[in-house]
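Below are structures written as structure tokens.
After this come two complexes, each holding chain A, first together with chain B and then together with chain C.
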Partner chain A sequence: MTLIARLQHLDRRWLYLGVLVVTVVGSIWPPRIVPRPSPATRAAYDLAQAVPPGGGVFIYIEYGLGSSEELDPMLAAVLGHLASRGARIMLAARSPESSQIAERVMTSVARRFPAYENGYGQTWVNLGYRPAPDVALRAATSGIGAAYNQVDYAGNTLRGMSIVDDLPVLDRRHFDLAYAFDSGDGFAPMIYYVGTPMRVPVAVGAISMEVPVLQPYLAAGQLAAVIGGARGAAEYEALAGQPEQANVLVGASALAAVYVLVVMALGNAVAHLGGGRR
Partner chain B sequence: MSGWPAVWTGALLTLAVLSYLYQDNPAWRITEHLYVGLAAGYGLGYTWQNYLRPVLENQVPAPGGWIWLLPLVLGALLYTRYIPGWDWLARFPLGIWIGYGAGYVLAYLPRVVIGQVTGSMVDLASLTNIALLVCLLGGFATFVFTLPDRPGALRTAGRVGRYAILIALGVAFGGAVLYRFTLLYGQVHFLVHDWLGFGR
Partner chain C sequence: MRKDLPVWLGSLAGGFVVATRWFAWASATGLDRTVDRLIVASYAVAAAVGFIGLTRVHLRAIDARRPLWGYSIVLLVAMYGYAGLLFFQPASAPVPDWIFQNVMGPVFATMYGLIAFFITSAAYRAFRIRNAESAVLLVAAAVALLGNSALGTRIWPGWDGLVAWIMAVPVTGGFRAIQVGAALGALATAVRVLLGLERSHLGSAQL
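After this line comes the complex of A and B, so read on.
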């Protein structure tokens, strides 16, 4: 049997093994790659950079644990940047699972900033999840406290929290920026209820496979910025001067992408030389 | 290696799932059934804890809270389709559901769609904008099926549109592959670092 014929009949499990080896190598020795920021990521960074100290930022989190690998580092980078700017951050979630993610990531970011570590209710608040979350989001454009039944993620009353008193309505007068961190269609209610009618600039942090879907909204100006996937997160980390988790992730992904390209090229060459389709 | 039972459980179950890539085996089957059972149980607990219980405990007893029972009744009516002679009652919740959807679309979608339409009317001063217009018109031409004998120009435009759609789908597929790799990376990272203890 010739080499070409052998490669044509290669057991696909060898390819799976290759994926595993590449991923393990990428996990132990991740190549350090700092990507050049794309205009869309730079726009997201500039929007956050333009938030004045004490300015309001509303963050709507839609993703679950399946997308945490890509979006947690992105969320941490954005929250860290906003905290360094002294923004007041209001988090809300589209599912109970995402409200837990919001709490976990924000709490870990807050540890780096004393004003946030000890400033719950003043510098940040987690509104958590309400059944029919998009209805709650729409109601927040009339009054945030009522929309979230006057309680936060942990069931504490929102009454008396200065952040809710100072930023009572989700509109352009009170909020400088709104973010959706999204693995599905969580960006849509933000455009429908917050961006288009209330004129609050909306940015999206999305998983990489969702990025093409967002481009028409970005081009039409309905989204102000998009951070796309692990690469976008690494770009944001680079802009914020804090290369961390996403930077490692994008290095490991690049290694896997090279492996896929090599296998694709090899597979096509073998099919062409062998005259078959296998 | 980690001494935590939770880490060991996670690691062994991960390996059992990955073992399917070699071939079907009992470890994979057990994990598959465990996953389905846990997901069903978790879903039930999740719905009770996060949807039903807060409404029944906090909202129904409040003044005027009886209105919250209405969705419960409507939801229950869906199951009447299993009762011969009473199945017509299931149409009420579905009708309300579809009516709400139509109202929602009419109330909120036009502004967004008009924004998309005006967003596509661009100044043809750059190559990007020209490409946008060509792909947009080509994409439309691809889906013109009403003419029995399409003129040549429309067929050509349709072919251009088809290539544009293929490129867009290719980009989406590339994004999907990278996204799956990050999921795999997360799990491998868990095995290598949290379970085996490399780099700790």
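After this line comes the complex of A and C, so read on.
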């Protein structure tokens, strides 16, 4: 059997082994690739940079554990930047698992900033999840406490928390920026209920696959900015001057991209040399 | 009665919700908030129905010793175990949080990570240039891969501009067309449901 014939009938497990090797090597020794910030990521950074100390930022977490590897670094980068600006951060979630993700990421970011580590209820709060999340989001534009039944993610009362007293309504008067971190269509209610009627600038942090879906909203001005995938997160980290997880991720994914391109080229070469037969 | 009652109920309920969203009097009288509470309640009912349905399906599978019935036991134990746990403590408590971080997290990450293996296999066998259309597909895939991985700029400094143009012009145009088409389709379906013309969601074969 010739080499071409062997490659034509290549067992897919060899390809899988290649993926394993590339991702393990890329994770242990990630190549240093700092991407040049795209205009959309720079817009997201500038929006956060414009939030004054004590300004309100509403962050809506839509993604689940499946997208955690891609979006957690991005969320951490944005939260870290906002915390460095002294913004007051209100987190809400679209599902029970997203509320736990919000808690995990924000808690880890808060450890770097004493005002946040010891300032729960003043500098940040996790409102958690409510059934019919779109209804909760809409109700928050009339009153955040009532929309979340006056309790936070852990069941503590919102009454007496200064952040909720000072930022009682999800509107432009109280919030400078709203973010959706999204792997599906969670950004849409943010546009419907918060961005368009309340005039709060809405930015989205999305998985790479979702970025094309967001383009019409970005072009129409309904979204103020988009951070796309691991690359967008790495760009944001570079802008914020805090290269962390996303820089490792983008390096590893670059190796994987090269591997997939090589596999595509090999598949075509084999098909061509083998007379187009599979 | 069996045929018409669900249709009338659907039309009345749907029309009522639409009215509370469109007219200012609904907001002024607080009717829209009542509707919101009903929607929240419907979520709870739907969850309960799902819980009961899942239990029945898997109990039957266990009872009949269907193939892979052991997994049904795992599912029921996990579902009732976790739900029972959350009756006594919040999701933020150490045990539910540990399960979330150390069981669900790796499971979901593994499921998502498997995509990379399938993509590679597909890249070898499916991304082959057979005609002009498949060549365009291959080039688009390569541009997207290099663009998303930030390698493109290393190869050619103008790469980011190319990707930005692709996103701003063909991608935006294409997705706009898809989204407008889907919205018009959804609107037409909603109107048909409200008017009782669309009955497939009620199991119209029996009606």
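Simple rule for what comes next: the second predicted complex is superposed on the first by the 277 of 278 C-alpha atoms of A that agree within 3 Å, B and C clash if a C-alpha of one lies under 4 Å from a C-alpha of the other, contacts with A are read in each partner's own complex, and residues count from 1 in each chain.
Rule of thumb we're sticking to: a residue touches a chain if its C-beta (ideal position, glycine included) is under 8 Å from a C-beta of that chain, and two chains touch if they have at least 3 such contacts.
Because the structure is a prediction, the values reported are computed rather than measured.
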{"item": "Side-by-side fit of chain B and chain C on chain A, or clash", "value": "clash"}
{"item": "Touched partner set for A:27, first chain B, second chain C, both or neither", "value": "first"}
{"item": "First, second, both or neither for A:192, with chain B first and chain C second", "value": "first"}
{"item": "Partner chain in contact with A:258 - chain B first, chain C second, else both or neither", "value": "second"}
{"item": "Partner chain(s) touched by A:4 [first = chain B, second = chain C, both, neither]", "value": "neither"}
{"item": "Partner chain in contact with A:36 - chain B first, chain C second, else both or neither", "value": "second"}
{"item": "First (chain B), second (chain C), both or neither touched by A:210", "value": "first"}
{"item": "Chain B versus chain C as contact partner of A:68, first or second or both or neither", "value": "both"}
{"item": "When both partners are placed on the shared chain, which of chain B and chain C touches more of chain A", "value": "C"}
{"item": "Which of chain B and chain C A:222 touches, first, second, both or neither", "value": "first"}
{"item": "First, second, both or neither for A:19, with chain B first and chain C second", "value": "both"}
{"item": "Those residues of chain A which chain B touches in one complex and chain C touches in the other", "value": "16, 19, 23, 66, 68-69, 96, 131, 208, 211-213, 216, 219, 228-230, 253, 256-257, 260"}
{"item": "Contact set on chain B toward chain A in their complex", "value": "18, 21-22, 46, 49-51, 54-55, 58, 108-109, 111-112, 115-116, 118-120, 132, 168, 171-172, 175-179, 181-186, 188-189, 192-193, 198-199"}
{"item": "Residue ranges of chain C in contact with chain A within the complex", "value": "33, 36, 39-40, 42-44, 47, 90-92, 97, 100-101, 104-105, 107-109, 111-113, 116-117, 119-121, 123-125, 127-130, 138, 141-142, 145-146, 148-151, 153-154, 160, 164, 167-168, 171-172, 174-176, 179"}
{"item": "Residue numbers on chain A that touch chain B, as the complex places them", "value": "13, 16, 19-20, 23-24, 26-28, 66, 68-70, 96, 129, 131, 149, 191-193, 196-197, 207-213, 216-217, 219-222, 228-230, 249, 252-253, 256-257, 260"}
{"item": "Chain A to chain C touching residues, read off their complex", "value": "10, 12, 15-16, 18-19, 23, 33, 35-36, 38-39, 64-69, 96-97, 99-100, 103-104, 130-132, 135, 138-139, 153-155, 208, 211-213, 215-216, 218-219, 228-231, 234, 250, 253-254, 256-261, 263-264, 266-268, 271, 276, 278"}
